[in-house]
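Take a look at the structures listed below.
The following pair of complexes shares a single chain, subunit A, combined with subunit B in the former and subunit C in the latter.
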Partner chain A sequence: MQINKGSVELVGVVKRYGDKLAVSEINLAIAGGSYCCLLGPSGCGKSTTLRMIAGHEAVSEGDILLNNRNVTDLPPRRRGTAMMFQNYALFPHLSSLDNVAFSLKIAGISKADRHARALEMLQLVNMETYADAFPDNLSGGQQQRVALARALINQPEVILLDEPLSALDPFLRVRMRTELKRIQQQLGITFIHVTHSQEEAFALADSVVVMNNGCIEQIDNPQGIFRTPRTAFVAGFIGGHNIIEGRLTGAGLQISQARTLALQTVPAPHSGGDQTQVSLRCDHIRVSPRPFDNAQALPLQVESVEYQGSYVHVRTRSDDGLQLSIHQPDADYLQAPLYPGDPAYVGWHPEDLNPLQPPAAHA
Partner chain B sequence: MRSLAHNPSYLQVTPLALVILLFLLFPVLTILVVSFWDFNAYQLIPDFIFENYQFLLTSDVTLKAYLKTFFYAFTTWAITLGLGFTLAYYLAFYIRSPLLQSVLFVLCTVPFLTSNIIRMISWMPLLGRNGMINSALQQLELIDAPIEWLLYSDFAVVLAFVHLYALFMVVPIFNSMMRIDRNLMEASMDAGASALQTVFQVVVPLCKSGIAIGSIFVVTLVMGDFITVRLMSGGLSASVGVLIHNEISLLQYPAAAAGAIVLLLTVLLMLSILFRFINIKKEL
Partner chain C sequence: MASSPRKPGFVPLTLLFALFLIFLYGPTLTIGILSFQGPNGGLTFPLNGVSLHWFRQLFEQQQVGDFGGSLLRSLLLGMSVMLCTTVFSLLAGLAYRRNFRGANCLFYLTLVSLILPSILISLGIGIMFDRLNLAPGWYSSAFGAHLTWTLPFGLLIMFAVFNRFNKAYEAAAIDMGATPWQAFRLVVLPLILPSLIGVGLFGFTLSYDEFARTLMTAGTFNTLPLEIYGMTTNVTTPVLYALGTLTTLFSFTLVLLALLGMHLVQRRRGAATTG
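Up next is the complex of A and B:
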């Protein structure tokens, strides 16, 4: 497998709708043969970015490179990409086989040839027994397999998937997720997958691109995203993190007169003052009704306790404004249960405080 | 009565069944019966003879009228299909704003606020021997003598038909186009299809039902018409409808009835051929 085949690069890509900026100058390099997820809330520009790579949306400024070849002005088919649409967009008047063979028919390949090749693709997605079925008679998962086969038939170097799993029920979603990853690894081609579910992105991606407001907030592998979110938005969006705001002093992060948190790495102050933010993983906080070594001197108060199975979600707050969500392992909880109103002594390793950058400047 | 008590749905369809029986089936049966009657210059004689049909089916005039009617129906169908599809395509896929879409759609129906006859007659000052087109062309010295075939010709008849019935093609096609998922067009482009290929490989197959419904409207309306042909051809052409109308004017009701029955069977035959190709029920 060549490393460079199917690499995608976006250079200063901008998309405007009239005066409205949908995507503001993003730079992104996706390695060939990797699985990349564009993650963000709806309206963050991730779908627009995908559609620009596919060629279904014109680029306002900037260039899109595929295999180091500038494809910015090429029509979709000549880019070497194939798109899988959110609702699959299967042609209702064609059977599964003819749907998969559609682009070959357009290319003028004889019926016998194109059907043979389409059948091969259906076999890859385990749908060969449904070759003669029409999309209306297929379930969501089956339609998706056919759509995937249709995207794969031209041996594209890059497959673009627009929220491919969002129309499926949760059980099927997990199964198709595994299937997607299997096919991607089997074929070794680049997958670019748009999603708003961090669970999906973490499960699939080699690299995750978190987007917000048309800007890229962070590019990293899933571990990097979760362990060291770069901005408050990323930490909030992926969940499982506390965002703590305070004033930067010599001693650390000052929350209030009485409380200063020690810092391992000193974050960059946010523009306009020495206010700054750090993130702290909910499952990296130790909580106990009694003081313990390395615990913060001032206890917080337990607000609510929710049992979640493998962990217990404890919400705590203190009068000085510090609020912490804590995921306590259920074994610890059972040993010394906390109840609303109890004092909660909390502690963590100083290196668990992850300094956050100010949000990306919006042009 | 037993089945009625067991299945009250029979009761529910009774009103509609009665309406159809009274206003559709009964008149048609009457026509069928009358078509076997005898007649002379001043009276109808109840009878059971085949002379009306014999005369009708062996006459040269009938054959000519049918050929003419088929010609009108086919030409009008082809032109309204081309026009209707293009118009509907523009409305459905090029106009992005739903408001403008409905405004333009209503605009299409404005001619229907006037009666058929007025819409036909309004062509006359335009197309006549000394009408606007001829006088304008003559004043521009593009022609020496007025163009004769503008009015009272097959051209005029087809023009009027297209004008009258194009909308019957636009509406059902527009309707089925609006139901096409826009992602399908992109999926087609993604597969490398050009705009024209997308139209013929994706849009046309998915509009089949709309095209069929529009075709039924246009073909049946043109096949049964007599007033447009009479007015616009100036009495120079005769369609099947005109023949029937003439016979009614001469009080030859049995002959007219026989003509009507044959026309009805012809149209039903044409429709059954159409239904063989397209499953309308599936689309409704």
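Up next is the complex of A and C:
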């Protein structure tokens, strides 16, 4: 077992377009054979980062290492990576088989040989019956499988996927992501997958890299990202979290004169002052129309109630500015339903208040 | 079955469209019919019998006018213009995909020759050849004059083609180890080939029926449009119409062949898919 096979490392990588900073000095180490998701909103630099790893985008500063080998200035074909493009970029004038065999043709392998190997790859993605079909006649999911086979045929150590599931309908998206994970585990190679869907990232990734504004906000496994988001951006982007702002005092986090929340971990004050932020998971808040043990003394007011199946989404606010979104288990809701305008008594464990770091400094 | 009521504009607009069609195809049809005029018929209706007389006449030596020669010259000129237009439009289109210095300037300079009146360009080239003490000819000065017309068109078409061209195709080819040349030859070229054929056909047609730009540049020997124009003043027989019908048929054949070619390519793909 080679530990390093397919490992990718970015050291102080910067990308500028003219004066515009697209990626600002990111450092990232991706273990060989792991599934890594670059997650962030559009324009956050995740696709640029992926293209720099692939060699389709020049690096302004910094180094990219593959298997501890500096590939910063190598062309794509000499890196040992393969890219799967957004919308797949299958060549419309070639059949599935010839699309998959394209790189072998470039390598000068005879037609019989390359077709035999391409067919094997199509079998891996269950597309061998469509070998002679042209891309225009394939569904989105089928195109994706062919594109994957085409990326895999050269036995790359790293596969780079640019929003591979965004062109598919929601049902197919879920099926294809299972497939991606199966193939990644079967082959044991590194997958780096760019997405803006936290659901996709959570389902697939061994490590999630959350990016914003050209910076990395957090690198962790999905559980780590969801349980302890590092910044307000991460908590907001992955959803399911309340971000509570307040003043840091000896007693805890002061929201208003009358309301101070007890803290177990004291967060660092943001930007010099004593203002700070914590996050609180929507599903870690207990809510009831009546006071209960360890509930906040001051109730909030129910603004809206939305039934969502396994939980009920209750939005509450109070006059002192505290707003909380709550995911209440449907059983609790059925026992004591809340209606807009009702007082909402809320409570949580102090350790559920997760301190947030100030936003990453941008150059 | 109740049909939805027609909107008030339907009748006048249909009439207008019918008028347009008559205007568009009427002259061609008229000439087509008149070219089958009997041996004793004249340039106008009524038909005095029906015959192929004037088509036969067409291939005999005329007193005035030289169809065979001018047709051959126009074809050769059209082919050369087609070839040059295709090659240079493709190369220019490729160049414009990356920004080079003076790209805008060059683009406007190219457009100017579309805006300038053809006859002025023709005159200018004629005078230039005269000043340089060169004899104008259909293969030299007229060839150049035609290119001032076809190249800008070709370039504009290539712009449209490359605007729609998904760069990911090339990136994918490069990613799979292709050199830029291989990416061009194996991916870009096959994908833009239909448009390229279009550019070629367009260049040919523009050159084949170009009149104004040839007028002052053709030199001693006429191209077909010049010959026909000359004949309208001299020849007073339906042989002119026979010529018109033949050249129209020729153009139609070319278009049909092109369409057939495209259809065959499509069918080959379709067959490969279902087979």
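The working rule: the second predicted complex is superposed on the first by the 362 of 363 C-alpha atoms of A that agree within 3 Å, B and C clash if a C-alpha of one lies under 4 Å from a C-alpha of the other, contacts with A are read in each partner's own complex, and residues count from 1 in each chain.
Note that in this section a residue touches a chain if its C-beta (ideal position, glycine included) is under 8 Å from a C-beta of that chain, and two chains touch if they have at least 3 such contacts.
As the structure is a computational prediction, the values presented were derived from the model and not from experiment.
Q: Using the superposition on subunit A, tell me whether subunit B and subunit C clash or fit.
A: In the arrangement built by aligning on subunit A, the partners subunit C and subunit B clash.
Q: In the superposed arrangement, which partner chain does A:Phe134 touch: subunit B (first), subunit C (second), both, or neither?
A: second
Q: With the two structures laid over each other on chain A, which partner does A:Ser95 touch: subunit B (first), subunit C (second), both, or neither?
A: It touches subunit C, and subunit B stays clear.
Q: So, A:Ala82: does it touch subunit B (first), subunit C (second), both, or neither?
A: After superposing on A, A:Ala82 lies in contact with both subunit B and subunit C.
Q: Using the touch definition from the top, say if A:Arg145 reaches subunit B (first), subunit C (second), both or neither.
A: Neither partner.
Q: Considering only the listed stretches 4-12, 22-30 or 58-66 of subunit B, which one runs into subunit C in the superposition?
A: 22-30
Q: Please write out, lowest number first, the residues of subunit A touched by both subunit B and subunit C across the two complexes.
A: Shared contact residues on subunit A (touching subunit B in one complex, subunit C in the other): 54, 56, 75-77, 82-83, 85-87, 89, 91-93, 102-103, 105-107, 150, 154.
Q: Provide the residue numbers of subunit C that touch subunit A in the complex, in ascending order.
A: It comes out as residues 166, 168-169, 171-178, 182, 186-187, 190-191, 269, 272-273, 275.
Q: In their complex, what parts of subunit B are in touch with subunit A?
A: Those residues of subunit B that touch subunit A are 181, 183-184, 186-193, 197, 201-202, 205-206, 208.
Q: Provide the residue numbers of subunit A that touch subunit C in the complex, in ascending order.
A: 54, 56, 75-77, 81-83, 85-87, 89, 91-93, 95, 102-103, 105-107, 132-134, 137, 150, 154
Q: Which residues of subunit A touch subunit B once you look at their complex with the stated criterion?
A: Of all residues in subunit A, those touching subunit B are 54, 56, 75-78, 82-83, 85-87, 89-93, 102-103, 105-107, 150, 154.
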